[in-house]
Amino acid sequence: MGILTVKGVNKRFGGLQALGDVNLDVAENTCHAIIGPNGAGKSTLLNVLVGKLIPDSGSVVFDGQSVLGRQPHEINQMGISRVFQTPEIFADLTVMENMLIPCFAKRDGAFRMHAIQSTRHEGDMIEKAESMLDEVGMLDKRDMTASSMSRGDKRRLEMAMCLVQDPRLLLLDEPTAGMARADTENTIELLKTIRRERGITMAIIEHDMNVVFSLAERITVLAQGTPLVEDTPDNIKGHPKVREAYLGEAQV
Amino acid sequence: MTDQTNPSVTTATPTARPRAASGGMLGLTKKDSTLMLIVFALVMLAPFILNPFPEGSAMAQFNAGYPDLMQRFVIFGIFAIGFNILFGLTGYLSFGHAAFLGVGSYAAIWSMKLVTLNVIPGIVMAIVIAGAFTLVVGFISLRRSGIYFSILTLAFAQMSYALAYSVLTPITGGETGLQIKNTDSPLFGGPTDGSIGRANLFGAEMGNSYELAVGSWLFTFNLGYYIAGVALLVAFYLSIRIFRSPFGIMLRAVKSNQQRMNYTGLTPKRYTLSAFVISGMYAGLAGGLMVAMDTQVGPERMFWTASGEVVIMTILGGAGTLMGPILGAGFIKYMENIVSKINKDILHEWFAFLPDGAEDVMVSIVYPFIGKGWHLTLGILFMLVVIFLPGGLVEGGQRIANKFRRNKTDG
Amino acid sequence: MDQIIVQILNGLDKGSAYALIALGLTLIFGTLGVVNFAHGALFMMGAFCAVILSRILSASYKVVDESQTDFLGNPLQVDVFYVQRWFGDAAGATIMDWAVPLAILFSIPVMIGIGFAMERGLIKHFYKRPHADQILVTFGLAIVLQEIIKYFFGANPIQTPAPDAFKGSLDFGVWLGYEANAIMYPYWRLVYFFFSALIIAGVFAFLQFTTFGMVVRAGMADRETVGLLGIDIDKRFTFMFGLAAAVAGVAGVMYAPIVAPNYHMGMDFLVLSFVVVVVGGMGSLPGAVAAGFLLGILESFASMPAVVDVLPGINQIIIYLVAIVILLTRPRGLMGRKGVMED
Amino acid sequence: MSKSNFTRRGVIKTGAVGGAALALPQYLRADGHAGFTNAPGDSEVVLGFNVPQTGPYADEGADELRAYELAVEHLNGGGDGGMLNTFSSKVLDGTGILGREVKYVTGDTQTKSDAARASARSMIEKDGAIMITGGSSSGVAVAVQALCQEAGVIFMAGLTHSNDTTGKDRKANGFRHFFNSYMTGAALAPVLAAQYGTDRKAYHLTADYNWGYTTEEAIVSSTEAMGWETVNTVKTPLTQTDFSSYIAPVLNSGADVLVLNHYGGNMVNSLTNAVQFGLREAQANGKNFEIVVPLYSRLMARGAGENVKGIFGSTNWHWSLQDEGSQAFVRSFGTKYGFPPSQAAHTTYVQTLLYADAVTRAGSFAPCAVAEALEGYEFDGLGNGKTLYRADDHQCFKDVLVVKGKENPTSEFDLLEIVEVTPVDQVMYAPDHPQMGGADASLGECNNGA
């Protein structure tokens, strides 16, 4: 039994069956990739996992608790963090403030009127944020306004913001989409380091096979809203069904 | 008054531990303490600062150091500071804030009519009732964002105004509003001799003043003003604390990216609603103080132009800055109360030193901009400030300060 | 039943005024992305175009009439109108009488000119500025415009009647089989309604069927792309501002006989027109028109004695109440697009 | 620091150097000697003219201001003396008030009670005004009157017509020369009955605020006493500009008279709308349909243009009155400004003179002394015939003019003609009349301030 178990999830948009009887099991301390051609239902599945969409039927259980019907912020509080395709950060705030927000969210929950204490006196939180920034190599940028940074740095910051919460499960939505080669390599290295040093469970949606095969320990292939195969990267590479449904089409 | 929007959270070098922050007082950084001290000095010394011209001189017209206007400066300062906590931090533009001030005022005057003429319970009532009303309006209005939110708040305020003016006349006094009457008999300590009760603080009346004449200067120290002034200092101090608190960061996060907040495990709506209620309580405090200083309420206090006024004060001064709202409020109230009182006779006095013909020419040039033309002057100044000082008056102050600094380093 | 028809007619008429103002406001917002708080002032300037033209047409010189005295007991100075001297008494009187319809011709170039000047001189510098700055600067401009008008024309309303030919009312009810006087409708209000319908149709046709209109609509949808296509969208936007000003202006001219113009009439309409635009949905032209008529008709119904007796004060708040209900049930108003002015 | 007995103005006059301080136990500033707020120095006295300079009543405010300036000129011995020459009291001799030159300050009420009080307080606190006067709405009058009562200065009301000003909201320090809703009803009803018959059915449109309520009440009760029937009374929002939805149902309601309890812009628009809907030409119940506008203002009548022709209403004063006082006033005002004064100008001019006269007769600026001099004072020669300032409620009682819109005006000022001068006895009422707040209404104690 993995940390995240998806059972028989269905979701229709009008006449379109976006997800059909999806079953998924993400084991603790693994990196699980979900791949599939465009329109296979990857993003829909992700939105179901974070509470943005509610499926028509089926169950999603995280660490023994159902996530269905919960708001995105509640699901985050359960220990699921999400990295977006285009980095979602607090662009008007400084890097340090960006980091502090998830720290406070982790410590204080969804809402707290900590209106009188001074941020300067939140020493533990600041230390935590600083060490995380150090880990992703951005300590020197702590006082920059987030919007003024490069895209790669924004991605790093977003990941740092997710990681500082010590999530039990990190969801990554095409983390290297639209990145230059060098940035992609860096991001892969970063994710590898995180996997290695922190042992965080990851679920990754990705187009780039290079990324998938260098990170994933298990892969689920989704096609037309239904899982085709779930297996190790090596087995997936050679799987005829996968070739047919996905790899062949994508000409990789 | 340098950049107040993005205070660095800790001291610049990572090696300096934040807990070692020093130089400030009341838990503020050195810079914030300086700001607080400046505001403290401005409030305490206002009777001197605002009365720079000797009595009877031609320039005495520009003196603003009399109790009513000084009270208005600080009361509208409080109103704008509160509005800025909502608008400056979360970016939610409420166009109905005057309604909360009005509701606070009605609550305060009823407290004085029915319970006691002491201002403290009145002001507390004003804050509580305005806060409760804000909570209801905010709970509904915050279901929408952007201009849809603005119009919802406007709609609530306009309904409050229209009803207070007409069908709610038994509660609000309608057009004539409410005043303390000699027939009112508050539960505690009303006057027994049939005279009209006055707002007081444990017996000391708001109207009490102490006058100091120095040469031909005359300075008035009014009790009511200092009570309102203390309220402003508290309000300003709290606003600094909010700006510098984790809560303040959360509010700025609301403005920046609500989606990320959600996925970081936070509820933007509850933060926004809290900011809305806090700013509504500030408005209630302002409304209660208005009644404490001048025991009367009229419904036009809630009209949309009054809501628009606080928006303009905040933007004009500099939204999202600490000092901006106070400066904006002072600027507009000064225009309203000083420029509107200049009349043709006074102009003739000013230009009397000129030859007759030139005097008339000068008077006729200036005349359209003063007295009944004060709106025109106000409109022109709005445009000039927005065009040339995009960040409001605070930015103007920063530019001047920078220039001085540069000159200093050059010299 | 007859009362309901009466109020529908009244509502259509009020609605057409709201719709015209909201249309101009939405044109500016939709094309330029500018929140124009001076739009009410443009409406007011339009109404004063009618006042000004009627003043021009009744320009006069004084002739002393010894047989009468003025209030101080001096011989009365009687006004002699130039148009009457030039064209004869009857023709002159007719010309003066038709000042308001003539003012439409007068106002269009004037208002387009004002619109161009505003856009080139002020608004274009504010395209990239925050909405708050736009609101403040246009609000300042509105105050300046209305104070200028007040300086020259005073604060009291100035009666600007419709031509004699349009005086009186049409007894609508008789057509429908009701007794006389049941449903009366003033001729000028009918003219106003049809005129508004014409303008609204004209604006829509212009945007729908001309290439110019197509480019502008494309610009409303995606300004950057249109700019990339090498089309000089700026010039067209200037023209759109002129057009919006002209729409507000003629709406004002035609409204002058219904409500005597005064300098603050623009401010009276400002808040209402924003409510109309938002209820319609930001940036949606059909939404603005639909909301204008909807609110006009509901306002008329709410003023019926039978309704007010049941719900006292409902006539005071109906517009705002409807706005709240609509915004809570339809997040972006009647026809608003997603993501417009939501942050 | 030494204790000083000087007022602010006293300090300035003597030019005391060094520190002088004065702790005030009472509201606002006061003179230790004289015992009242803002006691004037030896050479000047300051009056506060608080009128609407912006907003819808700015034109009326401007006319009031002209009249004040004229009054000050006359009090100081300038000009032709105006009504000083016809005033029954002869104590004013053109040397200011009690030998002090009259100075004045002006302010903008914006026709908002908050702004009006702010402006009045600045006059009292900053400029040392001993008396506040002006205003063009009852809400403002009541608010400023209450302030003056608290501050201990005299308030001489300007244009305010609501019963409340000297009814339920009356104050010992406040005085009103202008007439009120009750008087309008009492004066108008007999004329209407004589003109239109006693068998009439009236439909009221009433501005939805205090003045509208008192006027409606007054007209309804006085016309019903004449035998009229009231079909319906409908409240209209103050901010309404297009009254079509209120006018349209009138003709079919069974009524044959429409009473517009509207003032200012409301009146102009509702009357214009009513005429557009053909109400003036219409027939109902076999009679000509009629429109009545209880309170006329010439400035506003001008805004309504041709629509006022033949329509009855009441007014406090009109420049075409032929008595000596009115003529003198019209002459000096017209000569100075080039057009005849409005009723707002008249009432404010008269109020200024009455105040100056009362101070002179009392020999003191102390508000209570002035109030005593005004209470029960009878005078003549100020344009309305014999007039009484009643002691019980500080309301002037005088003849009321019933007017109608002139059919053939000779100039832009010549819009109203006087139909009848209703004698004062007919508009008299008891001080505890139910419309005036009943037995509960009281002036309270006069307040000298310090």
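Per-chain numbering from 1; labels A, B, C and D assigned in written order.
The working rule: contacts are C-beta pairs under 8 Å (C-beta built on N, C-alpha and C of every residue); 3 or more make two chains touch, one makes a residue touch a chain.
As the structure is a computational prediction, the values presented were derived from the model and not from experiment.
Closest chain to the protein CA centroid?
Answer for the innermost chain: B.
At what distance in angstrom does the C-alpha mean of subunit D lie from that of subunit C?
Spacing between the chain centres: roughly 35 Å.
In angstrom, rounded to a whole number, how far apart do the mean CA points of subunit A and subunit C lie?
Subunit A and subunit C have C-alpha centres separated by 54 Å.
Between subunit A and subunit D, what distance separates the C-alpha centroids? Give it in angstrom.
75
Using Cα averages as centroids, what's the distance between subunit A and subunit B in whole Å?
Taking the mean C-alpha position of each chain, the two centres sit 46 Å apart.
Can you tell me which residues of subunit A touch two or more of the remaining chains?
none
Which subunit B residues touch at least two other chains?
Residues 162, 165-167, 375 of subunit B each touch two or more of the other chains.
Counting only residues that touch at least two other chains, what does the list for subunit C look like?
Where subunit C meets two or more other chains at a single residue, that happens at 316.
Quick one: which chain pairs are touching?
A-B, B-C, B-D, C-D
How about subunit C: which of its residues touch subunit B in the complex?
35, 122, 125, 129, 131-133, 135-137, 139-144, 146-148, 151, 267, 271, 274-275, 278-279, 282, 312-313, 316-317, 320-321, 323-324, 327-328, 331-333, 341-343
Give every residue of subunit A touching subunit B within the complex, in rising order.
Listed in rising order, the residues are 50, 71-74, 76-77, 81-82, 84, 88-94, 96-97, 100-102, 104-106, 108-123, 126, 130, 139, 142-143, 145, 161, 165.
Inside the complex, what are the residues of subunit B that reach subunit D?
55-56, 63, 66-69, 72, 162, 165-167, 169, 174-177, 179, 182-183, 193-196, 198, 205, 207-216, 218, 220, 290, 294-296, 298, 300-301, 336-337, 340-341, 343, 345, 371-372, 374-375
So in the complex, which bits of subunit D are touching subunit C?
Listed in rising order, the residues of subunit D that touch subunit C are 55-59, 62, 208, 232, 234-237, 239, 241-242, 244-246, 248-249, 251-252, 265, 268-269, 272-273, 276-278, 281-282, 284, 299-300, 302-307, 319-320, 330-331, 334-335, 339-340, 410-411, 413-414.
Okay, in this complex, where on subunit B does subunit A touch?
Per the touch definition, subunit B meets subunit A at residues 6, 8-10, 12, 14, 17-19, 21, 27-29, 238, 241-242, 244-250, 252-253, 255-257, 259-267, 270-271, 274, 278.
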